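Multiple structures follow.
Below, chain A partners chain B and then partners chain C, in two separate complexes.
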Partner chain A sequence: MTDTLTATARHDAQPAALLEVSGLVAGYGQGEVLHAVDLSVPAGSVVAVVGANGAGKSTLLRVLSGLLPAAAGTVRFDGDDLASAAVEDRIRRGIVHVPEGRHAVAELTVDENLRLGGLWRGDRRELRADVDAAYDLFPALAARRTSHGHALSGGERQMLAIARALVAHPRLLLLDEPSLGLAPRIVAEILGTLAHLRAERGLAILLVEQNVRSALSVADTGVVLNLGSVVAARPSAALLDDEQLRHAYLGF
Partner chain B sequence: MDVPILLLAGTGLARGAIFAAFALALVLIWRAARIANFAQGAMATVSCYVAFHVTALTGNYWLGLAAALVSGAVLGWVVERGVMRFVDRSNPLAAVIVAIGLVMVLTSTLAIAFGADYRPMPAPFPREPIRIGDVAVISPYSLFVLAVVAVLMLALALLFTRTGVGLAMRAAAFAPEVSRLNGVRVDRMRTLGWTLSAAVGGLAALLVIPTELGLNPHAADLLFVYAFTVAIVGGLDSPVGAVVAGLAIGVILTFVTAFAGATFAPIAIVVILLGVLLVRPQGLFAAREARVA
Partner chain C sequence: MTTTTTAARAADAGDAPMPSPADAPGPRPRFTATARGRYAVAAAGLVLAIGATFLLDPYRNYLLSLAAAYVCATAGLTILIGRTGQLSLGHAAFMATGAYGFALTSNALAEAGIEGPVLLLVPFLVAVIAATAFGTLVGAAGARLHGPYLAGLTLAIVLALPAVTSTFSGLLGGDQGLYVRTERRPEVLSAVIANEQWQAWVALVAAAIVLVLLAQLGRSPSGIRMQAVRDDTAAARLSGIDPFRVKVQAFAISAGAAGLGGAVLAYVTQAASPGAYGLSFSLFLLVAVVVGGTGTLPGAVWGALLLVLLPEAIAAVTDALPLPDDAVSRLDGNLAVLIFGALLVVIMIAAPRGIQGALVALRGRIRSRTTRTTST
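Right, the complex of A and B next:
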């Protein structure tokens, strides 16, 4: 009992968020897309960012992975400000981004694509084991290991992109629209795998989705983004129950 | 007249192997940086001057060959780090113009430092053909060239298909953004591409010069023209295309020169280039349309 209390007290004094974003401003050229966004992702949790088209969801992920520079604000990851770190360095810290569009490298085989995810660690044997583990998670990929990226179906490409990100040993996975254009059965399979990874490895996931219901069904917290600002950040269940918010920003 | 078919074929293959190696250097840079490196001839000539002087000082051809490789690599690194990475990549012409500027700087520097005379370049093996009975077969130098290029191709093939660095280089060439998102340092891969390419280019030029007039600030100009044709014919992003087209064009040119005279060689080159551009503009071996920057 005392132990629990102390733990809670410590937890309150120092919230153990893996990712802590505050006052984040970013955009393209003169056009500001994100206006002072605050957001936090606790270790081992799934946070869904939802909102209409053009709300700035993908832009947010691009800034977090370093593809797009932040104009202002901080991106604290595990205590360090990474707001100006390069993409390649953020991966080495554990932030791995799977952008929308299932980027399998068309000219490489499935096996090469997967190995690409962990090349930077420079350990051949460990890489082989990680790639084999990815095949265990996505058996559909194991059957196609020598196929080239351009020969894969949409679902296989999405699996490949996620599997490749996992080979990089992420602590935080940034997932952009994993369900876009995929059959519901495949979406369920991918989401199931992610839930499993979160339970097994304590992987934190920041998920961007148009499909609000399926996103909130797997997320602990939902963040509603509207025109580049956060209008709500609540437990998923509470968001789904708030009819006003749903009507106003989520359209159902 | 008794035509030494065997000898012509062997000489043509050896010549083609050099074209292939030099074209491969162009392909390496194209894949790494989407730049057609018009300065490659001049850069390779600089390496040959280094090799020439190392060989002259030490009396050892092999040290000169090693010096060509090393100085080529260093020059490639310097050109990429010092010049090419600052070129505006949104405009494909910018790199071409900078490369042509580089040709002028390198060529005139060589002429100022060493003069414009042709210097005889030593060959490590005789260029007179071996005879079996009455038939001239192939010269030891041609065999040497074929062996060096074969080892080079094998080493590059192993690098690209069997090592992590090779995989990273291929990924960075095809999909730079996806590669960065997977932790590949794409700018380093580009530098490495230039370094490798310039080393290969220097070696190819070193092999061709003993078969021509000798070392001169313009010694690799013609090699560049032939190899550029080879790269276009084979497909600028296809290493296999560079090798096959290089060997084929080497043999064709040697036979055209033997039967029609040396004046027809450049015409044959233009005809081949035009034919390929009309029928298959992306090159014979390009898997798809070459991606433009």
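Right, the complex of A and C next:
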């Protein structure tokens, strides 16, 4: 893991990426959604996957976390191919997925939801410390620790989903549409917390977003996905400057 | 199949057995109680119940033993339905496994001339192990099935029971079942209490053990895993939980509790026969769980009590009415079924969270009224 956590992480500047995806093919039933996707996420960097609806962004994250099996290709994480590993194995190695839709377990309290994230480690004292650390990161959750999942607001649920993922000790966080349907102020708060984590712990983030501008503003690298293929992978600033690409794939 | 669909809906729709914070102010007692508090409540309840056995005649003590045996099964079933959302119509079969496990072990030990605590405890232990093992198998087979499909699988197991007992009639006694040789009350107590009262003690202790262990499960890591699997499988999987393992575990625990219930029944009635664990009994267990309040342990107790008391109350009423003898005997068998069905419908309309849900809501209303009057 590298200590250079400034926003200049580039493919060529990294010795070996934390996550290296190559030739990844996946889909649902007969329909192939991802066609030979190549992608790399250096340690401690933020990579944003952007693209239109139906480009395969969420499918990509589902394959990376193991929810959806890959039909072909390799998913190298820290040197090991995890393309056919179970979801639990990937979590144990540090790939943690926060899916779209803010999955707060309705009948568990905020505190229990957070503990859920780290139950697999089995060390209760360490788990308690991790949950407390999550409260420090998201003070809004600390105020609601005995509330049930079904009583939370959308913003609180999103924070809870991210905080629960952090309790699992991720090295790579897969974030699906964290800003969807949230007030800009809350989005800024969440993104600020993630930037802090990346600086503090060297957390790498693969971010899927509809909101291209805000995603590229926090990411080092932007990957443009179109109909299941990568059409560009460049530093965020370069992507934003490429007017042709923006018009063609990002719609602004 | 109205019972199945209602229960499935109650379990699936997140129709919380306990009320949401909105309609019940104050903390939910079951979840906030500390482990020590739960032990204290269980111990106090057990002492009270054992004290009550001195006030009851032998027949009523026998009924109390039956209720305690049913509590083991309904508590196990309510955890399965309420926690992991798995519906079982086959809990009578797990009780039967416990009953036959108890009967075979107890008879074998008695044959070998063993008596005393060993003759009492070992058969119970074997019964629980056998039912848990069977529950693990059924759970593994059913973990990928949902709602009616899982219910269908468990239904098939109950329906297969008579075939199993007649196929292995040499061992299991066919339709007649087995007579169970059990350890009677200890010598020192024989002058003080009737054997029925002693049996009630044993049954009550078994029920108390089941209730405490299942309450412990509540918000333990295992309980959190089960709740997560039921409410949001995706969130559970992405938290590193294998839903398959959790569902099988819940089935095993639930079946083990039911097995202990069956063993208590075999101990108290000194018999294990396929007729006692048929489909209608299996459905009664489910109705008891739903009427009591799905997912709650107190609800399981209410349901079990109802299961024992309702037929008694009906018999008392039909005996009191000036009816011809054949009408009485016809009503005794069937009226309980009818009233149970009607009760289920009424409870589902009037109190969808069952008796326990209604009680908790009532307490919340009283509490909010008192706080309002004290604050003004």
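In the analysis below, the second predicted complex is superposed on the first by the 238 of 252 C-alpha atoms of A that agree within 3 Å, B and C clash if a C-alpha of one lies under 4 Å from a C-alpha of the other, contacts with A are read in each partner's own complex, and residues count from 1 in each chain.
Please note the rule applied: a residue touches a chain if its C-beta (ideal position, glycine included) is under 8 Å from a C-beta of that chain, and two chains touch if they have at least 3 such contacts.
Fair warning: this is a prediction, and the values are worked out from it, not measured in the lab.
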Notebook entry, point to check: Mind checking chain B and chain C on superposed chain A, clash or fit?
Noted result: clash
Next item on the list: Would you check which partner chain A:72 touches, where first means chain B only, second means chain C only, and both and neither mean what they say?
Entry: neither
Margin query: Between chain B and chain C, whom does A:237 touch in the aligned arrangement: first, second, both, or neither?
Written below: neither
Checklist line | Touching partner for A:133 - first (chain B), second (chain C), both, neither | finding: neither
Item checked: First (chain B), second (chain C), both or neither touched by A:120 -> both
Check: Given the superposition on chain A, which partner contacts more residues in chain A: chain B or chain C?
Finding: C
Margin query: Per the contact definition in the header, classify A:151: touching chain B only (first), chain C only (second), both, or neither.
Written below: second
Margin query: Shared contact residues on chain A, chain B side and chain C side combined as an intersection?
Written below: 65, 67, 87-88, 91-92, 96-99, 103, 105-108, 112, 115-117, 119-120, 164, 168
Item checked: Complex contact set, residues of chain A against chain B -> 65, 67, 87-88, 91-92, 96-99, 103, 105-108, 112, 115-117, 119-120, 122, 124, 127, 164, 168
Item checked: Interfacial residue positions of chain B with respect to chain A in the complex -> 164, 167-168, 170-171, 174-175, 177-185, 287
Check: Which residues of chain C touch chain A in their complex?
Finding: 14, 16, 20-22, 27, 219, 221, 224-225, 227-228, 230-232, 234-242
Next item on the list: Can you check the complex and tell me which residues of chain A touch chain C?
Entry: 65, 67, 86-88, 91-92, 96-99, 103-108, 112, 115-117, 119-120, 146-151, 161, 164-165, 168
